Each structure stands twice: as C-alpha cells, then as structure tokens.
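Below are structures written as structure tokens.
Each of the two complexes below includes subunit A, the first together with subunit B, the second together with subunit C.
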Partner chain A sequence: MNAQRLMALVVAIIISVPLMFPDGQSIGLVNAILIWSIFAIGFDLVFGVVGMLSFGHAAFFGVGAYTLSLLTMRMGWDFIPALGAAGVVGGALALVFSYFAIRVSGLFFALLTLALSQLIYIMAGTKLRMLTGGVDGIAGVPRPELFGIDFYNDGNYYFFLLALFVLALLISGLIRISPLGQALKAIKSNEVRAEQIGFNVQRLQRSVFTISGIYAGVSGGLLASLIFYVGPQMLHWTTSGDVVIMVLLGGMGTLFGPILGVAIFEIMREWLSTQTSHWYGILGLIFIISTIAMPKGIAGMIIQLWNRIMPGGKS
Partner chain B sequence: MSTAAENSPVLRCEDIEVSYGAFKAVTNVSYQFKPGLLYGLIGPNGAGKTTLMNALSGRAQLSNGRVFLNEEEITGQSPHARTWAGLGRSFQITQIFAEMTVFENLRLAAQAHRFRLQPFWRPVGKFKEIADDAERVLSEIGLEGFGHVNAGSLSHGDQRALEIGLALLSEPKVLLLDEPLAGVGHDVAEKAVELIRKVSQGRTVLLIEHNMDVVMEISDEIIVMLAGEILAAGEAETIKRDPRVRTAYLGEEE
Partner chain C sequence: MSTIVIGLSMGMLLFLLAAGLTLIFGMLRVINFAHGSLYMLGAYLAFQMVNITGSFWAGLIAAPIIAAVVGALMERIALRPVYNRDHVYQLLLTFGFILVLDEAVRIIWGLEYKQMYPPELFSGAIEMFGSSVPSYRLFIIGFGAAVSAALFFMLDRSRYGMIIRAASGDPEMVRTLGINVSLVRTGVFSFGAGLAALGGAVAGPLFPIELGMGFNIIIDSFIVVIIGGLGNIRGAVMAALLIGMTRALGYSYAPSWVDFLTFILLIGTLILRPEGLFSRKGRTA
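== the complex of A and B ==
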C-alpha cells in the first residue's frame, strides 16, 4: 500500500457508491462526478502535467455538448458516433485555440484562452442562435440506445459512464508514464532545457491541449445527455473556473487528485445549493480556505499524511 | 591528404548582428568553425560572448546575418531544430530538470533525440534503447551511482557535468559550452576540464570560459570578443602576444 493506492481506493469507493446503494439518490450525483472527472482528468494533462493554466476549456466542453445534441437531434446520428464527434470537435477547437494561445505563456495564456472561449460563448448566444437555441439552449438531448438497455434509467447509465470514466483514466495514466508524458513534465520543469535537448515544445503543448480538448468535448456531450439539456452556460467562463477549482482542490498533476476534487466540489454543490441561494459564494470561500490549508490539494494532503504515518514508506 | 569535406567548416556564421533596441550586443561577426577543433571564446563581461552563443543556437533573434551548420542554412530555425541538426549546448546558469532524477534527466534527452514524435502508447520504462543511451552517458560524464539521485540535489559541479551529458545525448557535431567551470572548486574544475577534453574528441566545441589558464591550455583556437565584435582569433600563443588583446582584455599597456 502507498499513498497512490490509497487515493485509488478512495476514488474506487466514491464511484462504487451506486453499486452499494443501488436505489439511493446517490446515482445522479455519482454520474455527474464521473462526467466531470473525465473533464478534470483531461484538463489536468494541460494544467497539472505541463503547467499551462487554461481558462478556455468551457468552450471545448460546451461545443462538445452542442455537437452531440445537434448531431443526435437534428441530424439523426446515433449516440456513440455523435459522442465521438463531440470529442473530435472539442479537440479540433482546442487545436485552433492552441495556435493562437501557445505563442504566449503564463497569465497571458490564461487570459487569451479566456477571451477566445468567451468569444464562442457570445457567438453561441447571438450569431449562432438559430443553431444553438440562444439562451434557451436545446432540451431533450438523448442518451445512448445500446443492446436494448434502458440508459434513461440513471442506474443503467451509471455503467455506461463508469466504462468511459475508466477508459479516460487509463488513457490519461498511460500518457503520464509514456515518453510523451515525460516530455510534457520536462516542459513544466524547465522549458528552456526541454527545447534545447530537442523537444518541439510548442508542438507538444499543442498535442496535449488537443487531447485535453477531446476529453472536454466528450464530457460536455455526456453531461448534455445526463441532464437532457445543453445551454450556453456550459460555454461560460465559470465552467472553466469550476474545472480549475476542482483540479486545484483535488491536487493538480496527480492522476487521482482531480477526481477527488470533482467529488468534493460536486457533493458541496449538491448539498449547499439546497441550503442557500448563495451557495456559489460559499463554495468559493471554502475553496480559498482549502487552497491556503492544502496548497497541494487533497492528494498532496493525503501523501503528506501517509508519509507521516508510514515514515520511510513509498509515497 | 585532407578532403574538401574535412576542410569545410562544420559551423559558419556570416555578418551576425544581434540588437536590443539601439544597443548592438553582437555586430559584424563572421567566423568559420572547423571540424574537430576546440575553440575558446573569451572577452570581458558584456563583450557579447553568450549573445553570440545564443545567436548560434537560436535563442537570440538575428537582426542581420546568417548561420550555417554543415553548409546547411539554419538561420531562423528554432533551438530544437538546431539540436536535431547537430548543435548541442550548455548554459551559463545551469539548466537541468531539477525535480527529476539524474537518470530521468538523461533519459529525457535520449528520448528527445530518438523520437521525433513522442510515443504515448507504452510506459517509458519499456523503451530499453533510451534507458541504455542514458546509462551510457551516465558513466561517460562520471556520474555512475548517481542515477537515482534528484538532479537538484547534486553538487554544482555534478550539475554542470549532467548538463553536458544532456547535450551529448543529442549526438551533437558542435557543442557550445557556456562557462562550464563557473562556480566550481579547483578539484572539481580539473575533473570538468577532463570531461571537456573527452567530449571534444571528434567534435567541434565552442567554449566560453573565464579561467584563462584552462582556455589557453585546452583550446586549439582562441576567439577574443570585445564590444560585440571579434577582436582577434588564432592559436593561444598568438593571442597571448597580440597587443590589442593585451590592452583590451588583459588590461595591459601596449
């Protein structure tokens, strides 16, 4: 046992709650956690592994949601190819963003991605209103129809989402330990040296930004199908802010940390929103206190505690 | 009898100029670097030595001039493209991956050289060839037994050696070393000089160094810079006797 395995165990317990309590109200919450986790796992490849803070991921998330909705509802596509297309479109938009944004770094990168994503948000509400339904959005987004299983039942849909979540986690885990992942970590560690030993830094950044866009597009499509609705709010910069908070809260740069961050965020959102209409402000306050108390997020705190309890053990 | 290829310069620059606003850090520099020679680049602080190295390695934008590597023009190419073309370098301020182990540092340089597109479908540990490359250079730079150590916790001298190792893994034809002895103690400096001699075998090295004894001893040719220009160039003995160098650099009256 080490801290990584402990975190994996905690994640496994959280996501298997519907298996333990199949009739409980937890299924809807866990389904949302699985979808946001796919988003956060992909976002952390850019944010945690390479160290690029993007405030533009809402655009890929929202565009993925609209793609799935429009293809299934207006073009008559099946769910699975439409979900694939949501990923492709999310990734393609991320690639386009990267050509503009990767020229600058740090805060300028964050601001440029924010501006580009807000441009998409505004366009969705104005010029593209005929397509997107404007502020009303599009209601009635379908779920998959596979093997005669009723995925409109949340309990069944859970298994579909769980399979995609595990796949997303495995791919991200493999990327992190692959030569590509090592190269990305090298960029975060020392960009000058990474370039000087022969890494094409900008191409690597563009690649991972695109992969992250695919994750965002797929998760956006899945969320639209979970709530049967897509609206411009999914494109709004606050969605980017949410995923940044989730990853920071859980622990950036770790495989399981972002999932823990998503779980805490979603549970708080679910609970707080029933208590007060000012829940978003309170969530912000909790986030600020958490980052001061746990600068490396929940994952960092678990690793620290583990090392204290098991001195000399592997973290 | 030497062939034309052996005589042709491995690295050549023509009328290089690097400006920062009105200030010309390097101006009117043309030079031909022959294969297999060790060049010592000296000059007072602010003479433009590091800027010239930056211009050659693609880290400084030229306002004028051209650079050729093996007679192929590399002007305007990015630093990584120049590394692929055979130009390696170390920096005045040590540039390593401090949070990673020494072995991981070297393995990164090995994979950067081996793969144009970085594989993502297998763990890095499954690529034996890059691990072998890293191990080979680990012993070449005298850091056997330090592979598992975090690079940031190495001594300054060992970090400098690691930096040279990182550059070596790209199998450079030309190696640019920016003050590799800066800040290292006497004993370590001797080891470092040995390493420089070793890595200069069969390749062209351009070495910026303030330790005159070392430069004069190990360089085949010395290039003296002053105020962004090449003041003099030639063998050590010629340079030592050059009255312009003595006045401008060594501070002696003619």
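== the complex of A and C ==
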C-alpha cells in the first residue's frame, strides 16, 4: 500500500457512503460530490497537469447545463444524446476560448479566460434572454429515462452518476499516463524545452483545454439535472472560483486530490451553511490559510505524512 | 458634450483602479484580484464616514487610509509567505481575499443598497456648450487629473518613486543597496489598495453602493491594465480614457453592445499587441 492507494481508498469510502447507508441523507451530498468531481477532474487536467490557471471554466460548465436543458426541454431530445451534446458544446466553446487565450500565458491567461467567460455570462443574461430565461433561468430540467429505472429517485440517480464518475476518472487517469499526458507534463516543467524537443505546445494546450471543456460541459449538464434547474449563476465567475478552490484544496496535479477537495468543499458547504450564513467568507479564510500552509493540498499532505510514517516505502 | 464628460469621468475612475493594479503588478508581479473588493470597501467606508461626520470630504480622506491599512495587512500576512512560489499562488490568495472582504462587508453593512450624495459644492449641474452637465462628474475629472498628476510627480521626481521604479526593475540590486525591499512591497500594495478605495469613495455618489459593485468594475480595470500594458502606468491613463469613452459612447448609441465593445478592444489588443497598445520599449513604472 502506498499514499496513492490510500487516497484512492479514501475516495472510494466517500463515494460509497450511499451504498452503506442507502436511506441516509448523504445521497444528495454524494451525488453533488460526484458531479463536481467530474468538473474538478477535468479542470485539473488543465490546471494541475499543464499548469494553466483558467478562470473561465464556469462558461463551459454553464453552457453545458443550458445545452442539456434546452435540448431535452425544447427540442425533445433524449437525455443521453443531450448530455453528449452538452459535452460537445462545452468542448467547442473551450476550443474557441483557447484560440484567444493560449496566445498569452500565465496571469494574462487567467485574466483573459475570466473576461471571456464573463462575456458569456453577460450574453446569457441579456442578448440570449429568449433562450436562457435571463436571470430566472430554466426550471424543470429532466433526468434520464433508461431501462425503466426511476432516476428521479436520488438513490437510483446515484448509480448513474457513479458510472459516469468512474468513466471520467478512468479517462483522466489514462490521459495522465498516456504519451499525451507525458507531453503535457513536459510543458508544465519547461515550456521552452518542450517546444525545442519538437512538441507543438499550443496544439497540445488547445487539445487538453478542449478535453477539459468537455468534462465541464458534461458535469454542468449533470448538475442541472440533479437540481432540476439551470440559471446564470452557473456561468458566473464564482463558479470558476469554486472549482479552483476545490482543486487547490484537494491537491492540484494528482488524480485523486481534486476529488478530496470537492468532498471537503461540499461537506463544508453542507455543514457550514446550516451553522452560519457567512460560510463563503469562512471558506475564503480556509482557502487562504491552506494555500499558504499546504500548497500541494490535502493530497500533498497525505503523501508527506505517509512518507514520514513509512520511510523508505514507495510513495 | 455630456457624453464626453461621462466618458472622461468614467475613465478617471477606471484609472484610479488601474493605477493601483499596475503599480502592484510592476512591484510584486501579481494581479490583485481583490482590487474590486477594495474599491467596494472604499465606497462603503466613505458611506459610513459620511453618515458619522456628515461630510463627504471626511469619507474621501478616511476611506483610502483605512483600506491602505487593510491592504498592508493583506500583503504582510498572506502574500509575503509565498513570494518565492509560482505567481499563480499569489493570484489565488488575492482571489481568496475577495471572498473574505465581500463577506466582511456583508456582515458589517448587510445586503441593502446604500446611497451616497455628492457634496453640496458639486450637487448641481452646469451649462456647458448648450448641454447640462452634472458638476460632480466635472469634479471627478478634475480630481482624477490632480491625483494622476500627483502620482506621476511622485513616481518620476521623488525619491520614493525612484525606489519603486528601481525595485520594480531589479529588486535584488536595490536590496543590496541597503533598501528594505519587502517594506517597499508592502508600501506599494497598501498604496494601491488606498487608490482603489479612493476610487470607490469617489464613485459612491455616482452608483448605488452594493455588494456586486467591485466585480462590475474590476473586469474593466483588468481590460484597462492589459490594453495599457501591464506595469505601464502611462499606458493605463490612455487605456482608461479609451475604455471610459468607449463605454460612454456605447451607452448613448448602442447600450446593449457596450460590453462587447470593450471586449473587442481587449481581444484586438491581445491579438495585435499583447504587450499593450501604449507600451514603448521597457516599462516606465
């Protein structure tokens, strides 16, 4: 056993809570964790693996949610193809963003993605009001109908989300160990060197940004169906901020870290918001302290502790 | 005529924010995401001071001072420990401060809109070239021009300005010359925070004072800073006026396209001249 497996075990325990307590209140929470985890896993491909800080992922997330809602409710599409379309649209928008944003790097990249996503947010609230319902959003987003299972029951929907979560995790894991993932890591450690070796850095960055957009689009669609609602809040920059917090809190650049971050974030949201109405400020404080004290997040802390307890073991 | 006045006053307001952002960037290499929150804090503080003392001018003086203290604390407590890490961490920390500052404002002043009025001296309107112009707008233009002139004088002519310019260029060298660079950093961050709050205090009578006000203006300030060239304070003046005028013209001729216009300027700049429209070789501040 090593630190990686330990984290995998923790993740497995968190997501299997509904299996152990099938009638508990935890199902809703775990469902949200699964969906946000898909978002965070995809975000970390860009943030953790390549080292590009995007503050615009809310756009892909929200656009995915609107795509799924509009296709199922207005166009009469089935859920599964509409979910696929949410991913495609999220990815396509990410590709468009990347053509503008990858010209610049570092802080500029963060600012430009933020500005572009804010443009989408403004558009959804004003120009596209006919389509998006403006600030009211669209209520009544459906859930899938498959094999006669009632997915409107949260307990059943959990299995649907779990399957997608495992798929998303597998794909992300495969990308990380694939030649593509290795090339992306090379870009993170030294962009100029990667370029000189012969990698087309911009094309690689565009590809991974697009993949990350697909993840965001799918998870946005899923969240809309979980809460039966989509509104402009999902496009708002605070949503981008949330996913940044989750990934950094859990541990950027690791496979399981972002999921731990999502779990902590969601559990805190659930618990703190019953205790105080100022939970977002407390979250900000926790975020500041953890960024200073543990830059590699919870995952980094687990690995460090593990190496101390088990010296000489592989981490 | 009133369009020009609105554009210029908007530009001056944006400059107050952008100047702080770009000074902080030049010195610390960090984009202060929380700048909009400091602007908002400034507006609320000014509102509070006006309520206590009844004088607009008290608010205009007190708000930047308090915000500068808050800025100094932010830099000391949070940013200093991470200077030797990737700049992304500093940006993320300032992002964390948005949440904290917004929450603090919510706790202290609640959710309702606050209203502030221009000082009596500038509460009327003036006839200019056949149209009536609110004199408070004129005050903002004059005040902004005075502040920027003072700022340029400070940067170009005074010893402090020289230290700031030198420390922005080569902090190690300045440190070996016996200057406490980390103190300069705190000073610059605190000064930038004060400028943002000054902007907020000036903007108080123009807009409703509300929780979202910081974010509405921060995106424009980012755009100004990028168009002007990061770290380039002269470029920031031009870019602020450009964006201010674009907004004002947009509001009077194509109100629903205003946001697009500014974004087109931004994207055009980044594609054609990513180093900024107004940058010469090297940085000026």
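Everything below uses one rule, namely that the second predicted complex is superposed on the first by the 315 of 315 C-alpha atoms of A that agree within 3 Å, B and C clash if a C-alpha of one lies under 4 Å from a C-alpha of the other, contacts with A are read in each partner's own complex, and residues count from 1 in each chain.
We adopt the following convention: a contact is a pair of C-beta atoms (placed from the backbone, for glycine too) under 8 Å apart; a residue touches a chain by one contact, two chains touch by 3 or more.
Just so you know, these numbers come straight off a predicted model, no measurement behind them.
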Taking the superposition as given, does A:Q196 touch the first partner, subunit B, the second, subunit C, both, or neither?
-> first
Which of subunit B and subunit C A:L107 touches, first, second, both or neither | second
Please work out whether A:A115 is in contact with subunit B alone, subunit C alone, both, or neither, and reply first, second, both or neither.
-> second
Partner contacting more residues of subunit A (subunit B vs subunit C) = C
Which of the two partners, first being subunit B and second being subunit C, lies in contact with A:Y280: first, second, both, or neither?
-> second
Looking at the overlay, does A:R74 come into contact with subunit B only (first), subunit C only (second), both, or neither?
-> neither
Does subunit B (first) or subunit C (second) touch A:R5, or do both, or does neither?
-> neither
Of the residues on subunit A, which ones does subunit B touch that subunit C also touches?
-> none
Residues of subunit C touching subunit A in their complex?
-> 30-31, 78, 81-82, 85, 87-89, 91-93, 95-100, 102-104, 106-107, 215, 219, 222-223, 226, 230, 256, 259-260, 263, 266-267, 270-271, 274
Subunit A contacts subunit C in the complex at 51, 53, 100, 103-104, 106-108, 110-112, 114-116, 118-119, 122, 126-127, 237, 241, 244, 248, 278, 280-285, 287-288, 291-292, 295
Of subunit A, residues touching subunit B in the complex = 174-175, 177-183, 185-186, 189-190, 192-201, 204
Subunit B to subunit A touching residues, read off their complex | 57, 78-80, 83-84, 88-89, 91, 95-100, 104, 107-109, 111-113, 115, 118-125, 127, 130, 166-167, 169-170
